[in-house]
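Each of the next two complexes has chain A plus one more chain, namely chain B in the first and chain C in the second.
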Partner chain A sequence: MVDVYHPKTLEEALQFRSSTGAVPFSGGTDIMVRYRTSHGVLPDLPWPIVLLGHLKELQYLRLRKGSLCIGAETTLTDVMDHELTPPLLKQAIGLMAAPALRNLGTLAGNIGNASPAGDAVCALIALDASIELASPRGRRVVSLDLFIVGPGRTILAEDELITEIIVPIGEGHISWYKKVGTRRANALSKLSVSADWAVDDNVLTHVRIALGAVAPVVLRCRDIEDDMTGMKLPEIALQREDLMNRYKCSITPIDDQRSSAAYRKQAASNLVGAVLDEMTGGR
Partner chain B sequence: MNEIHCRINGTDYTFSFPGERRLLDVLREDLQLTAAKEGCGEGECGACSVLKDRRVVNSCMIPVAAVEGCEIMTLEGFRQTPEGRCIVEAFSDSGAVQCGFCTPGMVMAAASLLFENPDPSEVQIRTALSGNLCRCTGYDMIVQGVRLAAERGRGLW
Partner chain C sequence: MKERISSPVRRVDAYEKAGGYARYIADIPFDHLLYGKLVRTSIQRGRITGIALPDLPEGYRFISEGDIPPGGVNQINMITSDWPVFTTGEVRFCGQTIGLLVGPDRQVLHELHKAVAVTYDIEEGSSTIEEGLACRGGAFVGEDNIYVEHRLKKGDPDAAFSQADRIIEDVIETGFQEHVYMEPQGITVEYSNGQLVFHASCQCPFYIRKAVAPSVAMNLEDIIVHQVTTGGAFGGKEHFPDIIASALAVAAVAIQQPIQVVFERREDISYTPKRHPSQIIFRTALDRNNRIIAMDVDARINAGAYQSCSAVVLQRTMFSANSVYDLPNVSIRGRAVATNTVPSDAFRGFGAPQGIFAAEMHMSHVARLVGEEESEFKRRCFLKQGGRTVTNGTIHEQVLLEQMWQDISLESGYYEKLKSNPSGSFRGIGVSYYLHGGGFTGNGEQALIDSHVRLKGMKDGRVELLLSTVEMGQGLATTYRKIVASALGIDISRTIFLDPSTNRVPDSGPTVASRSIMVVGRLLQRAALQLKTCWDGTREETVEIGYEHPPWVEWNQETLQGDAYPAYSWGICVTEVEVDRASFEVETKGVWTIHEVGRAIDEQIVHGQVNGGVIQALGYASLEKLELKEGRFYQNTLADYMIPTSLDFPPVYSKLVENPYEYGPFGAKGLGELVFDGAAASFAAAVQHAIGRPVGRIPVTPEYIMELMSDE
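For the complex of A and B:
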């Protein structure tokens, strides 16, 4: 048995967190699986938890200064169904788990769990999202890309909570998402690819491609993105194989129960090829 | 330990369980509400589905402290309501029930869908049921059952 805190406000949650070191608990859909025991027996939680999923003040979507700001405890269902949510994020969430889990799961949970296979994380990194962290010491905003540093590891301080996800609105951007899993519902990703780009007068003016579950963290290859930016689309089409190869060489997947490293390398490269085809109108 | 207050099937309860006790165990072991089943215990099968504030959730993944102030509905309570009777009868008339293990979860998932969307397409029905496994029916009769409930229950949802 552990201490379970049910704060009434964010302020109370921050107090509990900083004074007890309680672990943030959003929807619980990862924690309750990892520490389950047997029917009728308490889950074997190794630390106290502070419940956050019910905090209304962290459940919202609103526009602010050209960005969509999403309260960190908004359920995946509510994020997916909202008219302001970018299509890429809607698509990624739509293929996560199933309705009952999406009614519990939150963006803060998907981010804090820091799995390389976190599908919302993959989409959010392609969208260049940042997150706001709060503690009794104040607030800070960090790039989501820098927040997650390894499987299950983040730079969240002992007294901090994730309070908001900030997604820049890319006017006129085109997006593409593909998840490879064993079935449509309730499958964890073997790998996933999220892409977001913009074209002006046949020139690629902006591109971000995020690859999930093919490295210790969701991966973006900024050197390749920089090289592609400013290129004419026919030029990109000509370099298709070369670009696919560069991505293939940049990723470091592992063998696990869901897939093999060799499969992930090949499939990731093929999906990058599909992104380039969509971009250039090829194939 | 703090007290936990919630409403289950229309009755107010105050619990003093350890906060991490699973809602599913409270329902089945403490309240003898055994419609929700434990299939996988990890959110894959949907047999433990109940409604939390009219939305379907997996009760095997919810610590009871997290339902503070919430309204929980299980099949036992839901079947007493007009909406519940409508779905149960539609399932029965469609041959949507065989061994019955998945049925309570299926009914709750269907209810959650119809509360949001009273006139769902087949794809929307299949998506709504995608977290609930059935090893008997092949799903078609369950989909028909939800469709029938939507048609018969016009105005109800």
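For the complex of A and C:
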């Protein structure tokens, strides 16, 4: 048996969190599955939890200073269905689990879970999202890319909660998403690739490519992105194999129950190739 | 009924099942019900050195070998009796029953279960066929880890091999498959007045009775098994309920209160039997015109840690190892190999899918190597009426494969697609041909089962069907009632079929082996025709009928020679795929099937079986990967063990061809397994055409395709 806290407001939630160290519980779609036991038996939760999914003040989508700000407890369905949501994020969420789960799951949950296979995280990192963290001590904003530091590990402090996801809206950006799941629907990712870029006068003016489930965290190779930025598209097409190889060398996938390291390496590299083809109009 | 028999009627169980009104074992209340939780071994192989139990509160018991009543034995009476009810010393696989914790509160049981500590001396175990054959860690069955070995010979293969112009060798492998019946295993037992009463989700009520009797030293008549609404089985509830029931029997006799065991999905995937993995090695001799003159087959199946029904599964694998082909000279060796894995057991097809897959893939490999188009190469070897099987039996019926191929090749656009998508174009089309022998192998129906059915005409004009073959989702309650109603010439609403109990129905045998319609349905038809002559619908009359073997079927069980099956059902499956060049994912563009099952008792139910069987086989072929890691299944949840969703495959085109069988009811033959047997090979053949490389095993995952593509 564990303590379960049901706050009425964010303020109360922060008090519970800071005074008890209770683990944040949004939709519960991971926690309840991971710690389920059997018929007629409570889940074996190893720690107290603070329920957050019902907090209306953390459920919104609005534009602020050129960014889309999403309340951390907005459900995946609501994020996916909203007109302001970038297509890349819509696509990623649309391939997550099944509608029933998306009706409960939240962005904060997907982020806090810190799985390298988190599909929304992969898209958000390609969109250069940052997140707002709150505690009784105050608020801070950190880049999502820096927030997650390992499988299941984040820099969330003992007294903090994720309160908002901030997604910059890039004018004229092009995006590309591919999830290689264990099957065609209601599946977990073997790997995923999210890309967001912009082109001006045949020159790549900006690019971000995030790779999911091929390293301990969702991975962006900033050095490669920096090298590509400013290049003419035909030049990128010429360097296709070389760029694919650099990505291949940068990732460190594992063998697990869903796929193999060798496959993840090869498929990730091939998918980067597909991104480059889309970018340059090749093949 | 003026309608022809095949015209669909609404399934009699549609409303209660689709509406959620049906009550499964976990839904049925019992007074003073206790719950049971199995304590299992957690190592692959070794010996138990100690069992430390937590303090058990009042009302909680740990039932183990010491609770077996006087005169009882620690054995489950299956085809053999090697599997103990409770493990005492030797551990052969991870998940063997050590004991049963019983008590009133599931939360308390859960905590107690976590606190049981078992210590072991761990020994090295074997997981794969190769490891079993190599006796890794030492043999634990005989000297060689072989439960059963058989050899078959047709013609003179030695002479033919000595004249061969060319010999082609090949290895074909298939993996584990989990049944994923919708409802996990579950049984409730009661004990009162010296009688044990089981309420079980099961396929074979009389098997349970027979299995548990020796462990509690009771007479068969004092053990009653009620089958309750069963949410799918696929073979997984043929023998495994015996395992749970045996432990429950001992517990019920000791505690004398109702006890229920219902598995969790993870428990069910981790510890219940799977389809036998197989490894089948071919050597095929060709003459200078590239005609097959002989084939040598070495079939090995992974039987796991106890024998269960592996000897019989092995026979099906061997008898299917030439698929639908009549080759002049054949030798087949078959071995059921012991390994330290969960015992493999019955699963839709019962060994045939492995044999058919291997034979179909090997034949297509040979065709590719000699540069011939696969379907042409295979069709030249088709079995025909009067043709000889690998057991030197005769095909008695007319074989319609050629006509079926004309039809389905047109419907699927096979030849055009073959032409427009050359080998290696990342698009491919593949075909498989297959057959399934209906009923028990050889003289099993006669010698082992001897089934009986009873019809009871009542004063109110209704008729009750009394028999032990069960409705488990496949539609038998409907088709049985249809057969009786049609034969009697009454409306189906005047027939009654209740879930059977062993104390009120005769033993019509287990619900297995595609026998339920062909064999048992025939008994019902005969009984109905007899009842018609002596019952006018205003008084009670009972008719009981027993099995009669078709007179022309000859079989020698010692030598495995003769007609292994009285009749076969036939099928063709065409599959079209596209392989993604970057991720190697396979998209199935189309699936076309044509089947000959004698005559359909209900076309809608038959199409339901075709859809389910084909999709289940496509899952087996592409998605359903089950790996072992130190004797445990690595994929033990439905998030990791992937069965197909409705988006994974397109709708299946399904056509039927009639060819009535004299000894089947209204001409019907076996169906349920046939429709599983072929789709895997057609999928794999389509992939191998798409990627231009031979595929030698299933599941054909993107990972495996990448491996195949990387030997460039």
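Going forward, the second predicted complex is superposed on the first by the 283 of 283 C-alpha atoms of A that agree within 3 Å, B and C clash if a C-alpha of one lies under 4 Å from a C-alpha of the other, contacts with A are read in each partner's own complex, and residues count from 1 in each chain.
One rule holds in what follows: contacts are C-beta pairs under 8 Å (C-beta built on N, C-alpha and C of every residue); 3 or more make two chains touch, one makes a residue touch a chain.
This structure is a prediction, so every number in the text was calculated from the model and none was measured.
Asker: Does the superposition put A:2 against chain B (first), chain C (second), both, or neither?
Answerer: After superposition on chain A, A:2 lies in contact with chain B alone.
Asker: For A:91, is the partner it touches chain B (first), chain C (second), both, or none of the two (neither)?
Answerer: Neither partner.
Asker: For A:32, using the defined touch cut-off, is the partner it touches chain B, chain C, both, or neither? Pick first, second, both or neither.
Answerer: A:32 sits against chain B, while chain C stays out of touch.
Asker: Quick one: is A:115 in contact with chain B, with chain C, with both, or with neither? Answer first, second, both or neither.
Answerer: A:115: touches no partner chain.
Asker: Touching A:184, do we find chain B (first), chain C (second), both, or neither?
Answerer: both
Asker: Determine, under the contact definition given at the top, whether A:40 touches first (chain B), second (chain C), both, or neither.
Answerer: In the superposition, A:40 touches chain B and chain C alike.
Asker: Using the touch definition from the top, say if A:54 reaches chain B (first), chain C (second), both or neither.
Answerer: first
Asker: Once the shared chain is lined up, is A:104 touching chain B (first), chain C (second), both, or neither of them?
Answerer: Only chain B is touched by A:104; chain C is not.
Asker: Can you pull the chain A residues that chain B and chain C both touch?
Answerer: In chain A, positions 33, 39-42, 184-186 sit in both the chain B and chain C interfaces.
Asker: Quick one: which bits of chain C touch chain A in the complex? Just the residue numbers, please.
Answerer: The touching residues are 26, 35, 37, 106-107, 109-110, 262, 264, 267, 581-585, 623, 627, 634-635, 639-640, 642, 644-648, 702-703, 706, 710.
Asker: Which part of chain A faces chain C closely enough to touch in the complex?
Answerer: It is residues 33, 37-42, 178, 180, 182-188, 190, 257-260, 262-263, 266-267, 270-271, 273-274 of chain A that touch chain C.
Asker: Applying the document's contact rule, which stretches of chain A touch chain B when the two form their complex?
Answerer: My answer: residues 1-4, 6, 25, 27-29, 32-33, 36, 39-43, 45, 49, 51, 53-54, 77, 97-101, 103-104, 184-186.
Asker: Can you list the chain B residues touching chain A in their complex?
Answerer: 2, 4, 18-22, 24-25, 28-29, 38, 41-44, 46, 49, 52, 55-58, 60-63, 65-66, 68-70, 109, 112-113, 127-128, 130-132
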